[in-house]
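After this come two complexes, each holding chain A, first together with chain B and then together with chain C.
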Partner chain A sequence: MSGFFASGPVHTAVVAGAVVAVVSGVVGVFTVIRGQSFSGHALGDLGTLGGSGAFLAGVNPFFGYVTVGAAVAATMDLFGVQHRRGRDVATGIVLGAALGLAALLLYFDTTTSTTTGATITILFGSLFAVSPGTLPVMIGLGVVGLVLVAVLYRPLLLSSVSAELAAARGVRVRTVGLVFLVLVGVVVSLSAVAVGTILSTALLVGPAAAALRLTRRPLTAVVVASVLGLVATWGGVVLSYASATWPPSHTGWPVSFFVVTLVLALYLGAELVGWARARAGA
Partner chain B sequence: MSTVLSVEGVDVWLGGRHVLDEVGFEIAPGELTGLIGSNGAGKTTLFRVILGLLPAARGHVEVVGRPAGRPARAQVGYVPQKVALDPDVPLRVRDLVSLGLDGNRYGFRRRSRQRDEAVDAMLSAVGATRLADARVGTLSGGELQRVLIAHALVAQPPLLLLDEPLANLDLANGQEVVTLLAKLTKEQGVAVLLSAHDMNPLLPVMDRIVYVAEGRVASGTPAEVVRGEVLSGLYGHPVSVLELGGRVVVVAGDTGPTDLVTR
Partner chain C sequence: MGAGTGRGVMFSGVMATAWVTATLVAVVAGVVGFHVVVRGATFAAHAVPMSAFAGAAGAAVLGVSAIAGLGVVSPLAALGVAWLGRRRRTDVASALVIVVMLGLGALFLSWTAEYSSQVYALLFGELLGVSTQELAATAGLAVLAVAAAAVLHRPLLLTAVLPDVADGRGVSVLAADLWFLLLVAVVTTMAVPVVGTLLMFSLMVGPPAAARAVARSPRATIAASVAIALVTVWSAIALSYVTDWPVGFFVGILGAAWYLAGRAAAALAARRRPGARRQPAALAA
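Right, the complex of A and B next:
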């Protein structure tokens, strides 16, 4: 294990994983309460388009994720898809079209580039593949995200619980909703770096949903979700490192696999705890 | 008489329908007023206009001297007709009531004893102290109604609007909420405007009535408004007001069955 702490990519992975876990946990709690998990997932998937486009242009895919994530989130909100069903339908249609285009770009990526694995990196990510140069940008965006949530905390909470109560209290519900969705776009793009665009919602939704099973207080839910996210990402890094000696190829299993599996295990564990508590009548 | 709410000549069209037609009335502090009308009469619409959430095509609304809009909204507590809360929302009853104080404020806040005390006092005033730590999504209809009243009143607004607060309650719970509102009106001096499609549960406590029909309103004391000729004028066709075992019933036609007393 001594090699583990000496490894440069491990350092980067640990820091990037922490940023992603904490921000995803915090934003994820609100995403789940607002019933915007599908929008979040769509924003993650759409990152594929940004990532593959950026790769083709020779830019770090991360910047593609962020640009497309934020832009699409703003568009989704401005198109006034206020009602859950209309929003889901519109999101589904846009998503299909965008992924078709992403498929084309990924095809160009793999045929024009000598680097193999662009597709795998974009779709499934790897914490070990985060370039140290990306790290400061990720940390910066993470901090901005956390500050934004702290500033919006009460209006965001109230409007997530009931838009009508919030509007009656004088909250600018539309503005708060727009800012929040853009934030979700940025957060899933951070998450896409860690576990890829396809899996990016796992970190957004999983730990948050698990936390909601465990606590009835908003602030506690946010903290618990972040901690569960940390367990999943750091646990994933450790397991992936350890798997270097595992069959079949002895090159290690993908870190994203472990992260997402841990998220699922944590969620199931939380369900179990919630169920046991309900039975005990607590 | 000072007024908390004044509504003057308000017209609203929705989807090509003249939903509110020259609506006007006033409300004084410490009065409990019933906004009575059948389904679709325009009660919710009128509330939305008072809150400044829906612009009126014509007319004027003033809340404590301010025109309807975001600043005036701070002077109004509001309990909407339907509030659907998911069971897994991580919010305790005391958190929701506390958001009634500062849910619109941005930025950090430190926990203060003053705020905790205001929340506790409000919960006790609506008889919901034992619910303080329950998840809001798990409350029964009657419990939620009390908690929403606490949320709306904790900032001590001079005006409280309640949209069909009795709609989902059984007779006993409905009666309790009515008694509670009458008590709060007197104790806190707040003016209450609450809508209902049935005026009977409110008759013992209602100081004034605003009766909505066909987009028009008649207002005054129940004795002034709930009369055959007044309501016939509103509906634009003859109706009768009948009394039966202490209940008031409004029926179409200008004569009632002979065994009922016509008012």
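Right, the complex of A and C next:
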């Protein structure tokens, strides 16, 4: 483990993991309260299209995720897609078409460039593959996201719990909803850098849902979710680093695998605590 | 991806296997997809193939046929979906389980020599995804699935459309749900090597959704669904062969096109007969 703290990619991975965990934790809590988990999932999947397109254009995939994430989120809000929830043929078909198109772009990526592994980088991500140059942009977007949530905290919480009450208090519910969903789009792109587009839901929704099982107070939940996210990303980085000597490949197990497994474990742990508390209380 | 077999042999050699496999896949996907749409079971159509990715990846590590891995994991995933559905916890818990199954698949494939191309093939499908040796297994599964769907046709339909009546007649809704999910598992096992995990949904849902717009009776809808699925995979294979582009691209785009066409046809029919709302296909039995 002596080389762990001296390694450049590890530094970047630790910082990127922290940014993603904190911002996802904060925004994730509101996503879960508002029942928009599925929108987050759809935005992640659609990010595949943006990432593969950006890769083809020779741009860092992250910018593809952000552009598509924000644009699609705004469109989704305008058409009221988020109200239809997950069980919808239309959403699935649109996602299918987008993923089909992404398949084509990825195919071009692999045939036109000499760098292999675009598919892995975009779909499954890797904290170790984050380029140090992307880091300032990620931190900047993360800070903007946190400031937005802080400014919008009251109206956002009020409109999440009761839209009617918020409207009666003079909150512009539609505007708050639009800004928030665009924010989710941006956060999902940050999370896609860490664990890839099709796994990005895990970091957005997992720690937040776990935190909301443990506490009902939103501010506490935000803190707990961020901490759980940190445990998952940093734990993933450490385990992945340690796994370099593990069988069967001795090349290290993918960091994204550890991160999502830790997220699931933390969620199940929180469920267990919530269940035990309910029993003790009954 | 790249077939590399040259232009003159689109229907011979390994390509013959591709055509036969695709035909079998389309027939079964068309039939089972009808029940997916009637039951509104889009979550199962999404979750089972996604989870099965880990099975196909595990098979690649062990050096056995992807169909063997899918055949083991798909039924387990189907049972998991049934269990989660009964507990009404389909939201966060199931999303996380699916994500971990995908992550597990990525882990397995990272142990294989051709990591990137394997991941790509299993997620987006492959023209020559089923080898000639695996053709017998695929055909066996197809016969099994179509026979099961024929035998289960009435109970599946009844439990989907009129669960109360089914209950009164002693038809178990739970049993029907389980049989249905096992059918989804069979389609997944057959189809994932060809169309890929991420695009199974398009093939299973696009054609029947369009078929419902043009056909009345359940039987006619199933026939139309199979016909549209056949056109989808045949065109996908031919286009993929000619352009060398991925099969999944064509399946995803055609699935969406069929769905849109179906919606447009339904809207047009509704406008022509104002007031006369079209009955759901399943009720017109």
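As a convention for this text, the second predicted complex is superposed on the first by the 267 of 282 C-alpha atoms of A that agree within 3 Å, B and C clash if a C-alpha of one lies under 4 Å from a C-alpha of the other, contacts with A are read in each partner's own complex, and residues count from 1 in each chain.
Convention: contacts are C-beta pairs under 8 Å (C-beta built on N, C-alpha and C of every residue); 3 or more make two chains touch, one makes a residue touch a chain.
Not measured: the values here are computed from a predicted model.
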{"item": "Superposed partners chain B and chain C on chain A - clash or fit", "value": "fit"}
{"item": "Touched partner set for A:R279, first chain B, second chain C, both or neither", "value": "neither"}
{"item": "Partner chain(s) touched by A:L106 [first = chain B, second = chain C, both, neither]", "value": "second"}
{"item": "Chain B versus chain C as contact partner of A:L264, first or second or both or neither", "value": "second"}
{"item": "Chain B versus chain C as contact partner of A:P155, first or second or both or neither", "value": "first"}
{"item": "Contacts of A:A166 with chain B and chain C, given as first, second, both or neither", "value": "first"}
{"item": "Residues of chain A touched, compared between chain B and chain C (which is higher)", "value": "C"}
{"item": "First, second, both or neither for A:V89, with chain B first and chain C second", "value": "second"}
{"item": "Distance in angstrom between the closest Cα atoms of chain C and chain B, superposition on A", "value": "13"}
{"item": "Common interface residues of chain A - those touching chain B in one complex and chain C in the other", "value": "none"}
{"item": "Chain A - residues contacting chain C, complex", "value": "32, 37, 41, 86-90, 92-101, 103-104, 106-107, 110, 116-120, 123-124, 198-199, 201-202, 205-206, 209, 248-249, 251, 253-254, 256-257, 259-261, 263-264, 267, 271"}
{"item": "Interface residues, chain A side, partner chain B - complex", "value": "29, 33, 35, 150-155, 157-158, 161-162, 164-171, 211-213, 215-218, 220-221"}
{"item": "Residues of chain C defined as touching chain A within the complex", "value": "1, 37, 40, 42-43, 45-46, 90-93, 95-97, 99-100, 102-104, 106-107, 110-111, 115-116, 119-120, 123-125, 196, 198-199, 201-202, 205-206, 209, 245-246, 248-253, 255-256, 259"}
{"item": "Residues of chain B touching chain A in the complex", "value": "51, 53, 70, 73-74, 76, 78, 80, 83-86, 88-92, 95-96, 99-100, 102-109, 133, 135-136, 148, 151-152"}
